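Chains here go by letter, A, B, C and D, matching the order in which they are written, and residues are numbered from 1 within each.
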Amino acid sequence: MNEITYTSSELLTINASRLLRDGDVVFVGVGLPNLACNLARRTHAPNLVMIYEAGVIGAQPARLPLSIGDPTLVSGALSVCSMYDIFAFYLQRGNVDVGFLGGAQIDRFGNINATVIGEYDHPKVRLPGSGGSMEIAAWANRCYIITPHQKRRFPEKVHFRTSAGYLSGRSEREAARLHGAGPLAVVTDLGVMEPDETGELVLTALHPGASEEQARENTGWDLKVASNLKTTDPLTAVELGILRNELDPERIYLKGGE
Amino acid sequence: MNEITYTSSELLTINASRLLRDGDVVFVGVGLPNLACNLARRTHAPNLVMIYEAGVIGAQPARLPLSIGDPTLVSGALSVCSMYDIFAFYLQRGNVDVGFLGGAQIDRFGNINATVIGEYDHPKVRLPGSGGSMEIAAWANRCYIITPHQKRRFPEKVHFRTSAGYLSGRSEREAARLHGAGPLAVVTDLGVMEPDETGELVLTALHPGASEEQARENTGWDLKVASNLKTTDPLTAVELGILRNELDPERIYLKGGE
Amino acid sequence: MTKLITLSEAINKFVEDGDTVYAAGFTHMIPFAAGHEIIRQEKKNLILARATPDLIYDQMVAAGCAKKVIFSYIGNPGVGSLRFVRAEIEAGRLEWEEYSHFSMISRLQAGATGLPFMPMNPTAAKDLEKANPFYRTVIDPYTGGEVVVVPPLKPDVAIVHVQRVDAEGNAQIWGIIGEQKEAAFAAERVIVTAEEIVDEAIIRSDPNRTVIPGFIVDAVCHVPYCAHPSYTQGYYDRDNSFYLAWDEISKTPESVNAYLDEWVYGIADRMEYWEKLGAEVHERLKVASLPSATVDYGKY
Amino acid sequence: MTKLITLSEAINKFVEDGDTVYAAGFTHMIPFAAGHEIIRQEKKNLILARATPDLIYDQMVAAGCAKKVIFSYIGNPGVGSLRFVRAEIEAGRLEWEEYSHFSMISRLQAGATGLPFMPMNPTAAKDLEKANPFYRTVIDPYTGGEVVVVPPLKPDVAIVHVQRVDAEGNAQIWGIIGEQKEAAFAAERVIVTAEEIVDEAIIRSDPNRTVIPGFIVDAVCHVPYCAHPSYTQGYYDRDNSFYLAWDEISKTPESVNAYLDEWVYGIADRMEYWEKLGAEVHERLKVASLPSATVDYGKY
């Protein structure tokens, strides 16, 4: 039997797509989340509703969108609204099931820093900032974080909380009475981390071929491992075929990790 | 020379139309204010912008609108927006120059009651309520009140302040920091009342043929008369012709006072 | 997934006794057929919310469906008083909760956007604010001044009539758009009635026209002429003579009951109602075509 | 009354040194030509506000027009970092004021609607709220909880690019409508640039499409291809290769200056810029037609 080979971007994308449920309303970003959503739509979630912070609802992009506001998202979409409305009527009202998040740093409790490395007033590295992530992390019913597994990306504590995970622990998030449940999974190229009852991210699954040691070595805190550690299902030829042949044939986003 | 004869509705409408300035953005109601605006547009104010609380901007009604949301207001209009937007982006933002108001009672300081005769909780006569008038009275730059001159309509004090004139006096309105200047004139079928320096409505003009006595008898407070009492300009054949032949040929609104 | 059902099924399934109902439409596209179906199904103790109750709420109150109205203007638009609601309020038989137009719509806006309240500029007309305890104030943290606010209104069910919708509920409206969008987003359940059910491709050809996305809609009902005696822009005119007639009918309970017997209880649905109106009315309310310019979205 | 003037006149007349400028457009219809004209006219000490500064603010900052940026996301969309703005901030040479997207847009919404502030639901990510003193809280009078609010943003001038406008400034937009309307209503002065100047009759044939009414507009400028390298829905595509190229150009001040010399200072206006781009670019950015369905307003 032939071994199926893939890049880490393909691994991330396919595992992200599996987190989506049919009928979910998902706040889509460009890049891997966009591929993951389109893959889900073509496999197990044909009724996925894709909405974009640019104000596009029910997009059916005919080509791979190259920015969050690509015109291909609009032509043939179900609806377009203003930026205020997409955040207010859709996200804040509780109409968004899923948000995808990423960032320069993700900490032990799933808080994300996309703002600054160093001091805020005297930045060592100035990052892009919140964009929509501050609100998505709070108001989408479920959030997923998609990111490569690297030690510098997973510090014990972020320098700046751009968006809320479980703050200093699940009880603090609960007290804040946010609409959304918070980050339910962090998908990396090594496996999946999920919050435990305290909100701390623990390793709950490894991708085929990855090891606990790799995950622990590439995490900035003392990573706990779930007692029932699972292995994620192998990528299928169907999933990879759709990704490679239909969604990103030029490998604009899929080349990462080759 | 032939005497020009006219109804009191015609008198009110034509005098109301003269208060409009070219380029004014005016919040239009149905009935006489609508006729007054259309008359002004056909005479001295061709650049009048007519907007309606139903969310219509720059209407060019091809027929006489029979309600505030008549479809003839929309066909051929410049813009249509939601009800929230017309009150927020237009009126509350300060984009409306003129509002026309009416009501069951108008008091000495131009406060209007369109809500209730008797006690609010146990109404003797339940009136329609504010509609847009609470906001128009506060936020339109200039307001004009158009109403027949009858004692029951002009009590010393209204039973209920549906919309603000000068409250208990001009200083109270100034303290409330409203965007609009308040009611600048009350046009009746006898003449015109305007606020003095305290905000009290005083008689500043009589229509040709009307007397101070008539005005005082039909006002519920001790009506002061301005030292330089004027007489309004006679209605012209041009104004009457446009009203009668073009704007309300079936005399749906103009028949009042015949 | 299609949500197409009959209006009768939709009212049966999604309107419960005691619900707060928002039948939307500012003078335009008022869902009269849905109101009549609610009367026929003898729903009780409803709280009827609408900026402008119009004749439809007068009829529903007269039929005994309502225990309370929430409004900002009770009149027969362009005609005068809304007699039945007014008489019930004056007689102390009907609860009411009252706003100005902007505060009513601000309540819907807060409901639709998930906000805890909406601030408004001052009007200095404080009598209504004193009479209605839902008006509150907060301190402006920038100026120290007082700001009047209203809380969200989240109806149990919104009923919205539209020109065209696809089977999943993606709805397009033109002409006066009133508070339709806000009512739909604010409500827990949404019933859309439409002049036309169209293919999804029509909706997707002009996404900027779509006011309500299908995924917040529970039922889609094909109900031509739903809005009579109000109107649907581009489809039929307002039947002003009925608005004038109602001013007479609503003068006595007897004439109101006779009207309800003949035009609501006595008929099965809107199709029968429309046929019963007859050729003269059909002809009088016809509208000549005035199409919009098209726009180009471009193939990308 | 026509407001048609050249873009050069409009910038000269309505943009002053020290102004807060909001050049609107969320990825779509970003008025690059107006930004270039501001650079050519050597405006100084501007406060540049935009949810997403995009390349246009990178260029204006690089040209020395700005003393401060107000933003919610500084990136090169779809590419990565916005190098010049980022370097200036890291070097302490550029002031900044920062929001999340929703709080940025809520500031515009408050400005556009004349409200004293806009409330928002909690995000519990308090670091930015602590870093930026414009975030404040009020007490929810219904629950006693804390509500985060932001104050109005009222730019001195908004620049909005649209597909079509009449000579008085009544403007229609389709595709992504971002924050164009809010920016125009919030601002004291409004400059509209457009792909096409159309007869008022076209606008009036579809009033629901009109996003900005002429009476709040100060200048109307006919500027085809104004948005390149961003795009105009239905007119031309995004020039993604320029977004990628800028990632290289913006690595050194020298290459940025060379770019500005060649493509901004060295040319007179957008027409010359577009010609200079050449046939290959014109061809690459062409878009096939995909017209919307029409709607019927009806003759009443």
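Quick notes on this one:
By our rule, contacts are C-beta pairs under 8 Å (C-beta built on N, C-alpha and C of every residue); 3 or more make two chains touch, one makes a residue touch a chain.
Computed from a predicted model, the values in this text were never measured in an experiment.
Using the contact threshold fixed earlier, the set of chains in contact with both chain A and chain C is D. With B-D and A-D as the two chain pairs, more C-beta contacts join A-D. On a Cα centroid basis, the chain most remote from chain D in this structure is B.
Taking each chain's centre as the mean of its C-alpha atoms, chain B lies 40 Å from chain D. Per-chain CA centroids place chain A at a distance of 29 Å from chain D. Between chain A and chain B the centroid-to-centroid distance comes to 58 Å (mean Cα coordinates, whole Å). Remark: chain C and chain D have CA centroids separated by 37 Å (rounded to whole angstrom). Contact with two or more other chains is made by residues 114-115, 120-121, 145, 174-175, 177, 181, 208, 233, 237, 287, 290, 297-300 of chain D.
Contact of a single residue of chain A with at least two other chains is seen at positions 56, 70-71, 74-75, 80, 88, 92, 139, 179. Taken as a graph of touching chains, this assembly has some other topology, since it is neither a line, a ring, a star nor fully connected.
Chain pairs that touch, as defined above: A-C, A-D, B-C, B-D, C-D. Those residues of chain A whose C-beta lies close enough to touch chain D in the complex are 30, 53-56, 66-71, 73-75, 80-84, 87-88, 91-92, 111, 115, 120-126, 128-135, 137-139, 160-164, 167, 172-173, 176-179. Considering their complex, residues 26-28, 51-52, 71-75, 77-78, 81-82, 86, 89-90, 92, 98-103, 105-106, 108-109, 120-128, 131, 145, 174-179, 181-182, 231, 233, 237-238, 240, 243, 287, 290 of chain C touch chain B.
Taken together, the chain D residues at the contact with chain B in this complex read 1, 112-115, 170, 181, 185, 200, 203-204, 207-208, 210-211, 213-216, 297-300.
Chain contact summary for the complex, chain D toward chain C: residues 114-121, 136-143, 145, 147, 149, 151, 163, 172, 174-175, 177, 202, 205-206, 208-209, 233-235, 237, 287-300.
Residues 25, 47, 49, 56-58, 60, 62-63, 70-72, 74-80, 88-89, 92-95, 139, 179 of chain B are the ones touching chain D in the complex.
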